[in-house]
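Both complexes shown next keep chain A, but they swap its partner, so chain B is in the first and chain C is in the second.
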Partner chain A sequence: MTAIEVIFYILAAVAVISAAGVVSARNPIYSALFLVVTLFALAVLFVLLKAEFLAIIQILTYAGAILVLFVFIIMLLNLKPDELIERGYGNAMKFLIGIASFSLFLILGYVFHFAKWQAPAINPGFGDAASVGKEIFTRYVVPFELAGVLLTVALVGAVVLAKRKLD
Partner chain B sequence: MITLNHYLILASALFAIGFAGVVLRRNMITLLMSIELMLNAVNITLAGFSRIHGNLEGQMVAFFVIILAAAEAAVGLAIIVLVFRRRGSVQSTELGELRDVTDAH
Partner chain C sequence: MIVIALKILIPFAVILQILPFLIWLERKGAAYIQDRRGPNRASIGGVRLWGIIHSLADVVKLINKEDIIPTHANRLIYTLAPAIAMAVACVTFAVIPWGAPLDINGSVFTLQAADLNVGILYIFSISSLGVYGIMLAGWGSNNKYSLLGGLRASAQLISYELTLGLSVVGVLIFAGSLELGSIVQNQGPMVWHWNALRQPVACLLFIVAAFAETNRLPFDLPEAEAELVAGYHVEYSSLKFALFFMAEYANMIIASALMATLFFGGWQIPFVSTELLRRHASQVLYYGGLGFGFFSLVAGWLLIRHKPKIIYRDARDRERLVLGMPAILAGMVILLLTATQGPWQLGPNGAQIVTAVLQVLNFLGKVLFFCWVFIWVRWTLPRFRYDQLMNLGWKVFLPVAILNVIVTAAIYLFW
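So, the complex of A and B:
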């Protein structure tokens, strides 16, 4: 096994196990911490896929901003242990949902099984900040501006929604 | 040798786990985190296809998915705070007003 393979398998195992932790942890704060681990593992996988800028954005935005927002909201709500008990499905239904999501995995895996890997020789600067930035500000400048508008709208919307009293 | 298939199968595993979380969980905060998990699985496939095609389009889409996830998390968490203030709970079962009244609860 090469070093890349070892790194990939370790990171994939970490990502999948902590993703299972996100879904199964009773307390949302544990879910948030498991999600951080998954996001970091995926960021390293982005680096292996020659998407360095995306990896940095993943850590800055996801682990740095979105997760802090989640943790902040969890702390703000300060849920009592009895408020964390879920009146969820019974065991039979949980088993069925497990089967359903596992078959979703099998179907997706089967479809993806046909993908061909012909790793092309790529330019040395592929996926770094310079090439991605050039792409964003030339071909994708309109979506980029629209993303700015979207973030402004989301910011205003979040403030208006969470404000204690509308006047 | 790690091929694209390895990444895609990892992504489908993460997507399936996120799907299970969205369907199973009733805590809305965990539900939002499961959605983030599914979006991340998609990002892995986008970056992988971007790598094998040797152009940056997939990475661009993944970039906008991250921006979208940030906006979604902000508004979603604001809604959760609002629901908690009104109902004193973050369980999604609390929000059933639009359910058909003839439907057995």
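So, the complex of A and C:
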């Protein structure tokens, strides 16, 4: 059991437990904080896969900006756990959903266990800012620009929706 | 392994020792700017040491206060918030280069705890996590004013993070790398290559955004005493408040270290390159030792030469002796040692160690200078109103930062 394997198992456990915490926490702020922990664990897993730039960008934007926005909104909405109305499923429905998720888990486990993984050889500059930047601006420039347009549209939409009506 | 542990512990310990000194500097500096004397009463055995003992008294007071958790406050989040703030402030020191890389017996030691190849982005991402400390503190205190202060503070922080990041892009264009070590080495020892002169607009933007990021005046409305009753840390007492307090000063030290590293040459001694220093290390040590011994002697003599005026009739009259006598003694010892032992023959390892020590001291001097600038500006300028602050951040700084990036890229490409 090499050091990297130990680190991987610990981080994977942390990520899975926090993800379970996201959906099962009573307090919405706890859910958001569990999500931060999950994203942190995922970022460290990216580092294990030699994608350091991606890991840091994940922490910078996802955990550091997007989730800050989430926590902001949750704080401003001030939901008490009792106010969240639970839409109940009947027992039969819960049983069916359980069977469906478990079979999905079995299928995924079978596929991941018996697939023939081939890790391609990586160049020395893999995961660096330079290589990611090169790919973004040459091969994937159209999705990049489209993502930028999408973000601008969202920004303009937010401003329009939140503007006071001047009348 | 031991080297890594040392590289982690030593900067952490150094920062924790600079903190009480900074608190003293803030209070004395504030006092002298406001034409008064500042704290000069706390003493050990009658010796006052010009008020430094007040920092020790502060620590003892903060530890011994009653530790209150407000009713209906979310205990976990209330306790977690100062821990997040302090942890974030301490972890950022890992990537700051304190000196040039040493090459001892074939193995290279970088004077950084972690030479990440995404160096500067690490600092920005960890600072974004610091927003959580403030937001959770404001919300977890179950107090309307804390919540308002916390939300305001986090909105201010995330607004000025953009300017902070974009103003550094100009520096990155020149350095061609994200690693802080390369950024420092790219600014050579010559002062006209330092990024403050190559990128003046970006330097100014970074300094102002750093003020906003550390919640210092003129951007400190979130913790304004007059408006918001100390904002997001009003409900904190004792050690948790001490953690917030220390986190603010640690953030100040990080911002100063970043300013020195990115724009003012970091550990580079002006006009003295590392090779020059290493070649003449033994002479530097000899003449430096002589000069320092002489300086210490003269300083001690200047402190002692006044006849003690018998005003108080207790230990306070002889206060100047506390620093003066050791200074004279140390000066004599160093002079004797250096003059008699003569210029030492330093091998290549010794030369590198001497160079590293000088560069680390140089870096510390720059960091302390920028901390002094922080304190100086705090007690000089009035506070921004919140809407003026946000207006400035989004409508003035962000366009100027983007324009700076475009102009720098154009100049770099076509020149």
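By our rule, the second predicted complex is superposed on the first by the 144 of 167 C-alpha atoms of A that agree within 3 Å, B and C clash if a C-alpha of one lies under 4 Å from a C-alpha of the other, contacts with A are read in each partner's own complex, and residues count from 1 in each chain.
Quick note on the criterion: a contact is a pair of C-beta atoms (placed from the backbone, for glycine too) under 8 Å apart; a residue touches a chain by one contact, two chains touch by 3 or more.
None of the values given here were measured: they were computed from a predicted structure.
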| item | value |
| --- | --- |
| First, second, both or neither for A:V6, with chain B first and chain C second | neither |
| Touched partner set for A:G88, first chain B, second chain C, both or neither | first |
| First (chain B), second (chain C), both or neither touched by A:V141 | neither |
| Partner chain in contact with A:D128 - chain B first, chain C second, else both or neither | second |
| First, second, both or neither for A:I99, with chain B first and chain C second | neither |
| Partner chain(s) touched by A:A119 [first = chain B, second = chain C, both, neither] | first |
| Partner touching more residues of chain A, whether chain B or chain C | B |
| Chain B versus chain C as contact partner of A:L76, first or second or both or neither | both |
| First, second, both or neither for A:I57, with chain B first and chain C second | both |
| Shared contact residues on chain A - chain B and chain C | 53, 57, 65, 76 |
| Footprint of chain C on chain A - complex, ascending | 27, 29, 33, 36, 52-53, 56-57, 59-60, 63-65, 68, 71-72, 75-76, 128-129 |
| Residues of chain C that touch chain A when the two form their complex | 74, 77, 116-118, 121-122, 124-126, 128-129, 131-132, 135-136, 138-139, 147, 151, 154-155, 158, 161, 178 |
| Residues of chain B that touch chain A when the two form their complex | 1-21, 23-27, 29-30, 32-34, 36-37, 40, 43-45, 47-48, 50-54, 56, 59-60, 62-64, 66-75, 77-82, 84, 88-91, 93 |
| Contact set on chain A toward chain B in their complex | 2, 4-5, 8, 12, 15-16, 19-20, 22-23, 25, 28, 31-32, 35, 38-39, 42, 45-46, 48-51, 53-54, 57-58, 61-62, 65-66, 69-70, 73-74, 76-77, 79, 83-84, 86-89, 94, 97-98, 100-102, 104-105, 108-109, 112-113, 115-122, 126-127, 131-132, 135-136, 139-140, 143, 147, 150-151, 153-155, 157-159, 161-162 |
